[in-house]
Structure formats: C-alpha cells, structure tokens
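Okay, so subunit A shows up in both of these, paired with subunit B first and subunit C after.
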Partner chain A sequence: MYWLRRLFRWFAADVLALPSRALVALWVLVLLVLPVFYADPYVLRIVTLASLFAIFAASWDLLAGYSGQVNFGHALFFGGSAYVSAMLSVKAGVPPWLAVAAGTAAAALLGLASGYICLRLRGSYLSLATLAFPLILVGLLLAAPGFSGGELGLPGVPRLTNKPLGNYYIAVIAMLVVVFGLWALADSRFGLLLHAIRDDELAARAAGINTPRYKLAVFAISGAAAGLAGALLAHYMRIAAPFLLETALSFQVVIWGIFGGIATIYGPVAAVFVLYPITEWIGSFQAFGERRLLVFAAIVLVVLLWMPRGFAPWLRDRIETNCPRCKQRNAAWRASCRACTAPLSATERPRASGPRA
Partner chain B sequence: MKRSFFAALGASLLALAVAPAALAQNSIRIAVLGPMAFVQGEHHWAGAEMARDEINKAGGITVGGRKLMVELIRADTNEMTSVPDAQSAAERVITRDRADFLIGGFRSEAVFAMQEVAMDHKKIFLGVGAAHDELGLRVERDYNRYKYWFRVSPTKSSDLGRTVFAVLNAVAGEIRKQFKTETPKVAVLAEKAVWTEGLIAAAQKNLPAMKMEMVGLWQPSATATDVTAELSAIERAGADIVFTILSGPVGIVVGRQMGERNMKAVAFGINVEAQKDEFWGAAAGKANYVSTLNTYAEVEITPKTVPWVRAFKERYKKSPAYTAATYDAIMLLKQAIEQANSLRADDLVPVLEKIRYVGNGAVIEFDKRHDPVWGPGKSLGIGVQWQDGKLVAFWPPEIKGMQPFRLPPR
Partner chain C sequence: MLQDIVVTSLVNGSVYALLALGFSLVFGVARIVNVAHTAFYMLAAYAFYTLFAKLGLHFALAGVLAVALVTAAALACYRLVIQPVREHEAAVLIATIALALLIQEVLLFAFGGHYLGIPSTLEGAVRVAGVSVPYQRFLILAVAAAVLVAMWALLYRTKVGLAIRCAANDLEIAALMGMNVHRVALATIGVSAALAAIAGVIVAPVFVVDPLMWLAPLVTILAIVVLGGLGSVKGSVVGAFLIGFVEALTVFLLPRGAFLKGAVALTILVIVLLVRPQGLFGIVYEEEER
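And then the complex of A and B:
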C-alpha cells in the first residue's frame, strides 16, 4: 500500500504536472486498453505495425540524432534481423521466440560491424557508406536464392502467436519497453556522451572519452533495437523478403525521424503514430488513396515548413514553457514555476529541447 | 396478444440468426486488390468492372433463391512500394469493408502476405497476377489453412517456362523449314535480373535437347538505352533466334535496334514491353518481327475471347493485359456460387476444385494445388508477333484466327 501511495504521488507530481508527460501517459493507457474497447482487427493491425515501426524509428534516432551517425541504411538491421530470424524458424525449426532473440543479436553484430567499418567516416561520407550496406546484403541474398528464397524471400515464417490480440500486445509491449529503454539510455550519462561526440568529437576525445567505443556501442544498441522490430515484423507478416532491406525503408525512417524531431526519441515515435495511420487512412479513399505518397510528401513538407525542429518539439513548446529562473519545465498555462514558484513569463519559450519530456 | 407478439419477435430473431449469409445481404462484395496506380492494377479494375456490369445487367447472381448484385471494392494495395501496406489493405477490405471475396494481387511477396490474411479470415482469394509456384505449393502442403486460395491467372512460373519453350520450338521449326537449317542458333538475351536466372538455366539445359545451339548469353540492364554491343556480338555469332527474357524498357530498345540493324535473327521470348499497344510507337515503328508470349489477342482461344477483347478495347481504348483476368475470376466465382447455392467459403471450395470454366483467355480447371491446369485447351498462353505495326497471334497454330509466323528476310 505504501508503494502504491508513493507511486501515485510520483505520478501526480512528476507525470501529470507536465502536459507532455500526461499525453505520453494517456497514449500508453490508450495503447494498453484499446483492444478492450475497440477490438477492430484492422485498427489493431495498424497499431501493431505502427508500434514495430516506432521501435525502428526510435532506434534510428538514438544513432543519428544523439550520436550524429546519420545512417542512410538503417534497414540493414531491420531486414538483416528479419532474415536471420526467418531462416532459423523456417529452415532450422528454431522456436520463434528464440529465433527473434537470435535475429536481434545478429542485428547487434551487424551494427558493430558496420560501425567498425565506418569508424573513421563522418558526415555525408558516413551516410553514403551506410546506404550501401543493405544493398550489399540484398545482393548477397539474391546471389544465394536457394538459401534466402531469392527475390521472393522466405514465406511461411511462423507467428509468435496466432491470436491477433496476442500479436498486438507483443508489438505494443515490445515498443513500450524498447522506446522507454532507449529514452532512459539517451537521458543517462551514456546519452550525454553521445551528445558530446555528435557536437564535437575531437573535443570529446580530448576530454578523455573513448569515442570509438561509444560509437560502436551505439551502433550495436541501435542495431539490436531495429533488429528486434524487424524480426517481430517478419513473424507477424509471416514473410521475410528483400522489401525489408529496401532503400525506401531506410529513407522512410529518416523522414519519420526528421518529421517527429531528431534527438528526442519520442519525436520519431510520435511521427510514426501520426503519419503511419494517416497514410493508411488516406489509402482507404479511392479518390486520392492511389496518390498516398504524394499526399504523404505534402504533409511532411508543410509540417516541416511550419515546424522546422519537428512535430513533437513544436507541440511540446506550445504546451510547456521553461522557468526563467530554475529552467524547470512547466505547463504553459501556469502562472508560477512548479519548482521554484518564480513567475512564468508568457513570452518565455524554450530554445532547445532536451531529450526528456 | 402481447405473448404472441413476443413469440413472433423471437421466431423472427431466431430465423435471422440461422439464416444463411446470403439472406442477410443484398449484394456480394468483391474486393479487387491491386497496385491501382500502375497499369497492372488498372487492368485488374477494368476486368472486374466489365464482369460486374455484365452480371448486374443480367440481374445479378442467384443464391438462396435471390438475385444478388455484385458490388466491387477498389483496394489499392500499394504493393509496388510496401508489402505491409498490401497486407493491411487485405485486412481492411475483409474487416472494414466486409468483402465476401478477394481477387487480384500482383507482386508475389505481397500476394504471400495478403494470402495469409485471407486465410486467417477463411476468405476465398482468387489470385490474378502473381505467378510464383510457391503460392500453390502451400495449398498442397497445408490444405486446411490454404484451401481458400485459387490462382486464376497467370499459369504458375514453371508452366510459363513450359509454354515459352514450346513456342520457341515452333519458331525453330519455322527456321528449319524456311532456311534448311538443322540446328538453329539461339542467342539468349536476358536482362540482368534474378527472375531471369531460372529461364537462362532452363535454356542452357533444354536447347541442346531441342536440337538448337546456344551461341551465347548476353545480359544488358533492364533499363539499358543502348544494346548495340550485344546485338553486334549476336550478329557475329550467326544467331537465328534471339531468345529474349526481358521485362524492363530495354525490351523497346532491343526491338528498335534489331530493326535498325536489319538483323536476320528473329526475337522471341518474354518481352513485357512488346505486349503493350504502345510498343510499336515507342520502338519508332522498327520492331517488326519482335514476338513474345501474351495472354489475350483477337483469336479464338475460347469462343468468348474475340468478343470480350473487342468489348474491352472499345470500352478502355487499349488491349487487355493479363491482370484483366479479374473478369474471368468474377465470372468463375458466379458459376461456383450458383452451383453451390451458397456464399460460404467452405461450401464453395469443393465446387471450385471441380469447376470447369470457359474463360476469355483459357479454360480453367484447378489442380490439387489450386493452380490452373496447364496444357492445350486449358491454360496455356499464346505467342504474338509485331507484323507491320499490328500485334498478331501466331501460336498455338490450331487456334482459329492465328496468323503465320514471319521471319525477317535474309
């Protein structure tokens, strides 16, 4: 009872006090209880896919947003893990959960390997080098069609569970665990060091930070997270095919990241949960469903024109403000700071968003 | 009075609950799944529209003593860019739009993904577009799950290969007859793509057995804009036949440049661009003698083919592509529903397994994998050739309306 009371107090003081955190709490609650009130299989499918893509987007943000290693070939981890998991399940009869774990581990190794190869590259050179990796993997897979299924891929991957509700909760819970995990990691000392490496790697090295080690670690962690999403998607869709390694998927995650707001973790997740259902919804209309990519591009361009730092930071800045004295975040409608009671100026707006809401 | 009212109400509710699905609905909802922004999806829809209009004009489909109209649901699968989108489209038409049946699909991996959703919901899915053998193999391997899948068109990939070599043999026979060449020389010109590898391997294996000599393999890019080097090498090799395995725009370049060089070799094989009405213009009118496999032409593949192809051309101002076989899929479904007198998938499966349907491009019967049975008089395909700006059919020669195959002058 004591712990419950303490939890409630923490929830009221630390979560409900800030609109952005309250929104996140509401979003988590809606995700967890949605099937109870609205068990529409189509809606559950869209949320399931959005959850898996949200993991993928958040993992890209950790790598590109926090450490500045802008990866244009992030589908390597997503597709690579999907293939490893599918091959183990279909060809070797490994139980699906074990195969997902193996796929995730393989993606972490792929992250380490690509990170090692790109260790000396920076900026656009790094991005272009990473762009090549999934293409190389596709080439290898197509070169061994008997093993990989070639252009068609590997159909018939066993599901983790045959119940739609089970698949929904697997995706949602995996997403919540991974996203909050990445969020915590980004907000830890590790995240701070990644910021330092992104902003000035030379200065970080001069300060005694073993930058190659951190860069490799972030490649591996980001790869593992993206890999988990890819493996879960392959088992959900029951197929692992070259579309999981397509360049379009690598760029899709970049769009989600930039649209949502990079170096936030929650931004790309919000972007996926906004853009993915919207494009799916547009697709259901005969009038412009077949032009969904055009509509999608228009939405992204218009939003970025008005919200250059991304959708999520823009929204957060509208509903929250920084205390001019103690820099604590407060609801925009508060008259005084919730921490130091200093009066809050209506015109005070935060200039930069930290990693935490 | 009150008591009898409740009794009547109860009886009505019970009757509604146990009534077959057909009695509870006024139309049969058929989802047409395809990449609607692409030519394949456009023809999926066109074929389905023609079938719907014809059925509804005739009063609908008779089931349970009632005439039900056909209602089409147009579902863009976006499968060319996203396989998850295709799977979601299948889920949407089943759970949201309450589709009774699914037809269409094009890209094999997208069809695999959509097949899973259809089988989860135990919905009949008539494939029109994807040729991969594995789609049918799944029916054989796990019948209870995949029995709701039937492929209407095209024939499966391995059967497509059989047709190609059968036509190639006929072309070689023509060369033997006209030029007294015992062993025609064949140059294989295949675009550099994975899908061509099986046919290349088959050519390397089959050509000697078919008393043909393979003089070489040339592999330009699918988007190459110049194949002069390949064609001059093929000329030097003395090839009689250029066996094309092309799906990309390079097919136009090959046709145009062969004409420009007045090559003595004739092109036959798979050339997707050459199946289109626009090919002659795109090849600057120089692609005479280029030949390819196709599905429809104004010849009597069945008694329905000629009037249907003409009606299609009149309505859409273009020739039907093979994905327009959605027409046959819906007509076949109508026959099955009326025969089974039911809309229930489990009632329809045994009827479809035994059905014999005379379609526009084939006589459809299903084998144990629910694939169309391949062979003359069944599902086979035709050979067509560009002759002086017109696409004419030449194979199989026993079909009424076929024109003789022409060889370039030597």
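And then the complex of A and C:
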C-alpha cells in the first residue's frame, strides 16, 4: 500500500507535471487497453506493425542520433535477423521463441561486425559503407535461391501465438520494453558518452574514454534491438523476403528518425506512430491506393520546411518551456517555474545579467 | 567473350562516369549526399521518352530539350526543397531521399509501373574485332567521351571551374576569398543535374525505362565515389571505369553473376574503405581528418 501511494505520488508529481510526459503516459495507456475497447483486426494489425517499426526506428536513433554513426543500411539487422529466425524455424524446426532469440543474437553479431568494419570511418563515408552491407547480403541470398528462397523469400514462418490479441500484445509489450530500455540507456552515463563521441571523438578519447569499445557496444545494442523487431515481424507476417533488406526500408527508417527528431528516442517512435497509420489510411482510399508513397514523401518534405529539427522537438517546444533560472522544463502555460518559482514569461523575467547595484 | 566484357565495361563505365562525376561535384562543393541524383537521370530518360517516342521530335532535339528541362527542374527543386533546410544537415539528407521518392511516384503515376521501351535512335551495327557493336552503344561512348572532355575543360580551363574546384577544396577559405559560395553551389547543382540528364538520355534507348531504374545506379555510383575518393573528380572517372569493368567481369564469368554484380561492387567498396578510407584519389577534408 505504501509503494502504491508512492507510485501514485511519483505519477502525479513527476509524470503529470509535464505535458510531454503526460502524453507519453496516455499513449502507453491507450496501447495497452486498445483491444478491450476497439478490437478491430485492421486497427490492431496497424498498431502491431507500427510497434515493430517503432523498435526499429528507436534502435536507429540510438546509433545514428546519439553516437553519430549515421547508418544507411539499418535494414541489415532487421532483415538479417528475420532471415536467421525464419530459416531456423522453417528449415530446422526450432521453436519460434528460440528462433527469435537466435535472430536477435545474430543481429547483435551483425552489428558488431559492421561496427568493426566502420570503426575507422566517419561521416558520409560511414553512411555510404553501411548502405552497402544489406545489399551485399541481398546479392548473396538471391545468388543462392535453393537456400534462401530467392526473390520470393521463405514463406510459412510459424507465428509465435495463433491468437490475434496475443500477437498484438507481444508486439506492443516488446516495443514498450525495448523503447523505454533504450530511452533509459540513452539518458544514462552510457548515453552521455555517446553524445561526447558524436560531438568530438578526439576529445572523448583524450578524456580517457575507450571510444572504439563504446562504438562497438552501441552497434551491437542497436543491432540487437532492430533484430528483435525484424524477427518478430517475420513471425508476424509469416514470411522472410528480400524486401526486409531493401534500401527502401533503410531509407524509411532514416526518414522516420529525422522526421521525428534525432537523438531523442521518443522522436522516431512518435514519427512511426504518426506516419505509419497516416500512410496506411491514405492508402486505404481508392483514389490514393497506389500513391501512398507520393503523399508520404510530400508530407515529409512540407513538414521539414516548417520543423527542420524534427516533429517531436517542435511539438515539445510548443507545449513546454525551459525555466530561465534553473533550466527545469515546465508546461508552457505555467506562470512560474515548478522547481524554483522563478517567473517564466519573458516580459516578467527579472534582469538576468543586468547591472546589480 | 573478352570483347563483350571490354565493350560492356566501357559503355557502362562511361555512363557511371557521367553520374558519379556530378554526384562527386555536388558532394565536394555543397557537402550534400544527393540521393536524388539518379532520380534526375531517370527523369531525363522519361522526358526523352515523351519528347522522342510520344511527340515524335528528332532525337537530337529531344535529347537537348530533355537535358535542359531536367536541369531546370533540378535547380527549382534545389531552391524550393533543399535550400530552406541547408543549415540542418540531417534535414538535407532526408529532403533528397524524399525528393527521389517523390519523383519515382510522380513518374509511376504519369507513366505506370511497366517497362517502357524506346526505339533505337540509330540503326545498324559495326563489327569491331569480331563482336558486333550497335551504333547505339557507340553513341553512348561518343557522347560520354565528349561530355567528359567538355567537363575537364570547364573545370580546369574556365573561371567557373576554378571556383568550383576552390569551393570543393575548402568551402570556408573560398568564402573568405570573397566568392559567392551559394552561387557556386547553385552552378554546381546545375552542372551535376545536366550530367545526370545526359546520362539518362543516352541510355534510354538501350536500357529499359521504369520508375525504379534510379536505385541500382545510385548504389553503384556511391561505391564509385567512395572508391575514387569523395569529392575527387579524377577519382570518380577512374572509379567508374574500374567498377564498370568489375561488374562486366562478374556478369560474364561468374555463375548467376547478374545477381552478384551489385554485391561484388559493394564488397570492393567495403574493402577500399577498410584499406584506404579516403579512396584512390581522396582529399582528406580538414573537419573530417583526425
């Protein structure tokens, strides 16, 4: 009872105090209770897929946003893991749960391998090199059709569970765990070191940080998270096919990440949950059907002109302000800071750097 | 077999050279990784198809018109989409990706997703050392050679070329010397788009034209510019012919080589990056060394 009260106090004081946190709490709640109130299979399917892509986008953001290793071939982890998991469960009869775990582990290894290759590269060179990795894998898979199923891929991958609600909750809970885990990781000392590596690797090294080790670690973690999403997707869609490794998918995750706002974790997730249903919804109209990508690209271009830093930071700046004195974040409609009671509006602010008599 | 390899690699290599050169120039001067570069190549192929096959213009006139139109379109795109977000590097990247997708979808909408064949502009073939080479492929070689020579003259014999090379070498110093780097960037974008458009026009009668034709060459020219050194003019041309040759070797010599040609080119890219990250003729940029 004491812990419950404490939880409630924490919720009221720390979560509801900021509109962005309240939004996140509302979003978690809606995801968890959605099937109870609105169990439309089509909606559940879209939310399931959006959850899996949200894991994918968040893992890209940890790698590209925090540590600055802008990966153009993130589909390598997604599709690689999907193929490993599908192959194990279709050809070797491994139970699906184990296959997903093996796929995730394989993706972490792929992350280590590509991180190792990319240790000496930075900036555009790194992006271009990583762009190549999934395409090399596609080439190899297509050249061995007996093994990989060629263009058609591997169909008949068993589902983790046959209940529709089960699949929904697997995806949503995996997404919540991974995304909040990545968020906590990015807010920890580890995330701080990644910021340091992105901003000035030489300075980070001079400060005694073993930068190669951290870069390898972030590649492996990001790869594992993307791999989990890919393996779950393969088991949900019941197929592993070359489209999971396509350049288009790698670009898609870059678009989600940058559209949502990089180096935030919540930005890309928000972008997926905004953009993915919109593109599906547009695609459901007869007139647009085939042209959802056109509308998608147009939306992204127009939105970028208005919010070049990304959608989530833009929204956050609208509903929250920083206290001029103690830098705490506050709801934009508050008159005084919730931590230090300094007045928040610019007109009432006392002279910050003016002369003191 | 040997002659086939030589001819194929020369033809593909010269097309790649035109594309990689433009990409490399834009990267060097404006620091934009222009994902939409090959989308303009595709746009030019479609423009040529419309002007030549649909409206029945003379093929040379249609080609020149298509190049002019695509260059104008590229400059307009730059002003409308790229320039407003120039300060945000990530936004520029996503803007070029979105632009490429936009062009792909517009073409899909206007022409449909099926392959379009364009009738040959020149009939007949000539036998060289035992292989028959269609005049059409000779045209590609001739045009590409002429354009590459013209580009060399532009870059090394004119003031505009000097400005472009300056800006590519060190943007800040160029600005400090009083150059209008924005105008130089605009000129470079124009030149680059024109090169891509020329490539698109000359390959249109030989390759199939479809709304996804921009992806494969995009990946190849990325491999080429990294192989030659990002931003290096000489490197992109040499790299283009090298990759063209390796691709032809893969296709003709390996079993199921057509599937592997991309993988082989990209494996070369990875090896180059490991052994010599700055490429064959790379310049190490000041803010990127360390």
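Everything that follows uses one rule, which is that the second predicted complex is superposed on the first by the 345 of 357 C-alpha atoms of A that agree within 3 Å, B and C clash if a C-alpha of one lies under 4 Å from a C-alpha of the other, contacts with A are read in each partner's own complex, and residues count from 1 in each chain.
The criterion applied here is as follows: a contact is a pair of C-beta atoms (placed from the backbone, for glycine too) under 8 Å apart; a residue touches a chain by one contact, two chains touch by 3 or more.
All figures in this text were calculated on a predicted structure; none of them were measured in a lab.
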Query raised in the report: First (subunit B), second (subunit C), both or neither: which does A:343 touch?
Result: neither
Query raised in the report: Who does A:324 touch here: subunit B (first), subunit C (second), both, or neither?
Result: neither
**Report entry** Which of subunit B and subunit C A:305 touches, first, second, both or neither
**Finding:** second
Query raised in the report: Touch check for A:46: first (subunit B), second (subunit C), both, or neither?
Result: first
Requested in this report: Considering only touches as defined above, state whether A:166 meets subunit B (first), subunit C (second), both or neither.
Outcome: neither
Query raised in the report: So, A:247: does it touch subunit B (first), subunit C (second), both, or neither?
Result: second
Report task. Considering only touches as defined above, state whether A:142 meets subunit B (first), subunit C (second), both or neither. Result -> both
Requested in this report: In the overlay, work out which of subunit B or subunit C sits against more residues of subunit A.
Outcome: C
Requested in this report: Give one of first, second, both or neither to describe whether A:293 is in contact with subunit B, with subunit C, with both, or with none.
Outcome: both
Query raised in the report: Given the touch rule stated above, what does A:121 touch, subunit B (first), subunit C (second), both, or neither?
Result: second
Report summary line: Dual-contact residues of subunit A (subunit B, subunit C) 142, 248, 290-291, 293
Report summary line: Seen from subunit C, its contact residues with subunit A in the complex are 27, 33, 35, 81, 84-85, 87-88, 90-91, 93-95, 97-99, 101-102, 104-106, 108-109, 215, 219, 222-223, 225-226, 230, 256, 259-264, 266-267, 269-270, 273-274, 277, 288, 290
**Report entry** Footprint of subunit C on subunit A - complex, ascending
**Finding:** 70, 117, 120-125, 127-129, 131-133, 135-136, 138-140, 142-143, 201-202, 247-248, 251, 254-255, 258-259, 262, 290-291, 293-294, 296-298, 300-301, 304-305, 308-309
Report summary line: Per the touch rule, the subunit B residues reaching subunit A in their complex are 36-37, 74, 76, 78, 81-85, 87-89, 91-92, 95-96, 108-109, 112-113, 116, 132, 134, 138, 194-195, 197
Query raised in the report: Can you list the residues on subunit A that touch subunit B in the complex?
Result: 40-42, 45-46, 49, 142, 145, 150-153, 155-156, 233, 237-239, 241-243, 248, 280, 283-284, 286, 289-293
